[in-house]
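Both complexes shown next keep chain A, but they swap its partner, so chain B is in the first and chain C is in the second.
Right after this comes the complex of A and B.
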């Protein structure tokens, strides 16, 4: 054998043994840049031999033993948490890495609805706020703009309806409380999903205060007219009315809670005494008492 | 019989101390943080004190997440996460335990933009362009590291003493 041919054969032999002795190298890794949550997708690998594929994110981790050169299929529902994922294909001697995003679906499934406050007086401008976070079936926040429709309906008057698009998954609104006291229904709709909250609209502060007095067994019996707010709603029981009697430099004060819209009390009967009533910031009429003999 | 030469031992010790110092610095390195609230939506003004507390608690949540996923201990999430965010991270920890994996998320920088403060003050939403290193360990062997730049959306809600992360999700770039 000629020395040249012998050398070439020897070189080929060395090269071949080196190639077969080396552990298989992990080739390129191909996968989609974005995947919709819950959808199936596949990862293509190159090379030969076995490796381990890791999909890693704060929302999920997966590990698969793979045969290099084959396509790795992830079934529907397997990767369902929206977020950023790192992908590592780890072979015996090398590692390939990549990354991809999982986005939320565009179908609303759950609404996280905050209606505040749960109780407020009637007739308050922008008094009620509604905030809704829109989530898909996997509880991912749907960040694509979506229309949210809010409706507040009470006992009287037309329902207030407004629409607001979501921005970064959230929509919000402010609405006035109704003129009539009672329980109002606060609804939010997104696609076919809705959520309901009850907002209790209570009467406001009394608008006017009027009392009358009459003698009763040596005392003066005081009674207010039924107290109403400026929208005609009967003021809530428990609201305090303060009666004050001034006589001869002295003063007697009695605080009385409303019962069925009316406050009643008695004070000592002094000829020439001045009696007044007040509740909140509202002053009532004044009575100058003359004994009825 | 000769004992080991003191010079290689010294070199080894010096090398080990440099390595330990590097690990220590890496572990306690504070991320660079930039915060902006221009363009904040919602009728409620955001007070400086609220903003400071919110950002402090959000950054603490990243530290908790890193430790919880690194040590596979879901209880480390309790102080900073609540609701859906806590449930999802806890589920990841459960999966990691089953697979023998651990992950680290070491944040290097945050560019935080406060985007929504709800009218009743019960939620604040922020977007954060964050740079972090992901480390993957399989049965305590470091398998891979990756530098990541991603945009996260977080919704925080107030609790008794601090803001907690309720929604935590990376957005498409």
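Right after this comes the complex of A and C.
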């Protein structure tokens, strides 16, 4: 017998014995193509005997022993992470596989709201940005377009309201800061869910700086008028005002923080000295000191 | 014998000779600062020997023996003497140690002499000098030093009302959602910066402004980049900057890059950082009588006056020097080595490099106070 014929016969014999010795095969899997996160669903199997069903998805793996030919039920909440899932039914001799998608619910439950910055000067055009991520009860991003409503309300003036639809689960807007300083509430609503942030709208640079001087116990007492920005807001306490006194061959400087909107200090009295004040890039008036004898 | 062996033998021989000479004839001041025992004190048979002995006692912080040596101890108490050298309140002096000293005979006769003593103290922020002119008088066979006491003023017990302004910060919690809002870092801006080639290295001079309404803790780092974009060196301003900036306050900064030539540098990457800090608006420091002294030792002198009721333990003074065009030409700093008591002036001196003094047309001085009770 030629070697080629002998090899063919041997292969046929092995194949025939393998086929007739196998137990019943695992049948086809039947399951929905998409499942809403957290909803119950079932997987149908065919065949007979025992097998193990694996469901592998984002951040989740489920394993069930199943009786082939029966329907496997997954209860509400068992599969809750949105994404692509793979299903494997592993029997004693063969494996069937399939796939399905878990989608987020369309009911917003949580909002991740980023409001930036948390502190900015008044009267800044498009200075405040709000970005909202709409999530369902299982913290899946709801990718279906959803209307988000933003509202910025401060101490004075009308609230700014703007709506924006979500794109791939995200909606964003830009708003102006108000003219009046204070803490503004920045709200976002999606369906019945809302989230709040506080945006501190702070006074801008001083608009004018004016000081007065008077003699006091051999020194000169200097005091600024209440400092306001160009919108009339009182400049923040702690802002440094630098008083400078220049006299023959010398100079005295004092950096004084505003307290209750006013900076106050004393400098040595030098006849003929010139006193000035400045804060940031704003210069104040100058005073030429003459001793009051 | 090879040349190498001859050299080795010569080095060993010279070393042995130097050790023998140093042991047999030690320099008294070095011996004292090396912590030699009391037995090494010389008989004060000359003005210099008397001053030497006194400095040794001071170095050992043997206040009682030092005080006992003094010719004028009836004029002040031992506590006054200790406070003169150590400071009455916690300050740089409190933990400073004597680094070195030198003395010069200014005038001498048979019975009295005047000696200038320069004490160089070493502290955590560098050395500071304390110069005293000592009157030394002869009493029998020995000489005694009259200590020129500087009585540090004591603040009389009183209540000073202060409208206290401070900021406290509450940050977001560790378990908060990632979208949860956090407090914003203060906004700071570099308002001036330029590099200069100086002393075999590159020096970056500049100014930083806190343009926010909250206090900021600031630091400044810079990286010099070569033409191919690689980093040549990275340094930070360390203490050549005022680290706490109140709203709208400006600090100068200076960053030194030793052993880098400006010609090697193509660009500079500045990295200012700022973070919120619990801070206080007080105390307010008046910088009075500022004067620029010219050559031969150009310097800016003045007096620091604490206008608040709180004692300032350490005061850091930073000077910014500009030319007639308003361009920054130098940044210099110094520390007051005594505590700054309310309404009690203390002098300060900021050195200006001699070659730059002719360029200096104006200047600005800022003082950063540090109090041990600041946040209490």
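Definition applied: the second predicted complex is superposed on the first by the 271 of 293 C-alpha atoms of A that agree within 3 Å, B and C clash if a C-alpha of one lies under 4 Å from a C-alpha of the other, contacts with A are read in each partner's own complex, and residues count from 1 in each chain.
As a working rule, a residue touches a chain if its C-beta (ideal position, glycine included) is under 8 Å from a C-beta of that chain, and two chains touch if they have at least 3 such contacts.
As the structure is a computational prediction, the values presented were derived from the model and not from experiment.
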Which of chain B and chain C A:255 touches, first, second, both or neither: second
First, second, both or neither for A:113, with chain B first and chain C second: second
Doubly contacted chain A residues - partners chain C and chain B: 114, 117, 133
Residues of chain B touching chain A in the complex: 41-43, 65, 69, 84, 88-89, 91-92, 95-96, 99, 101, 103, 105, 115-116, 118-120, 122-123, 125, 127, 134, 136, 138, 143-144, 146, 148, 150, 153, 155, 167-173
Residue ranges of chain A in contact with chain B within the complex: 34, 52, 54, 56-63, 81-84, 86, 88, 90, 95, 97, 99, 101, 103-104, 114, 116-117, 126, 129, 131, 133, 135, 139-141, 143, 167-170, 172, 174
Touching residues (chain side chain C, partner chain A) in the complex: 163, 165, 167, 177-179, 181-184, 209, 211-215, 246-249, 281-282, 284-291, 307, 364-367
Complex contacts: residues of chain A adjacent to chain C: 111-115, 117-119, 133, 197-198, 202-203, 205, 236-240, 249-257, 259-260, 265-268, 279-280
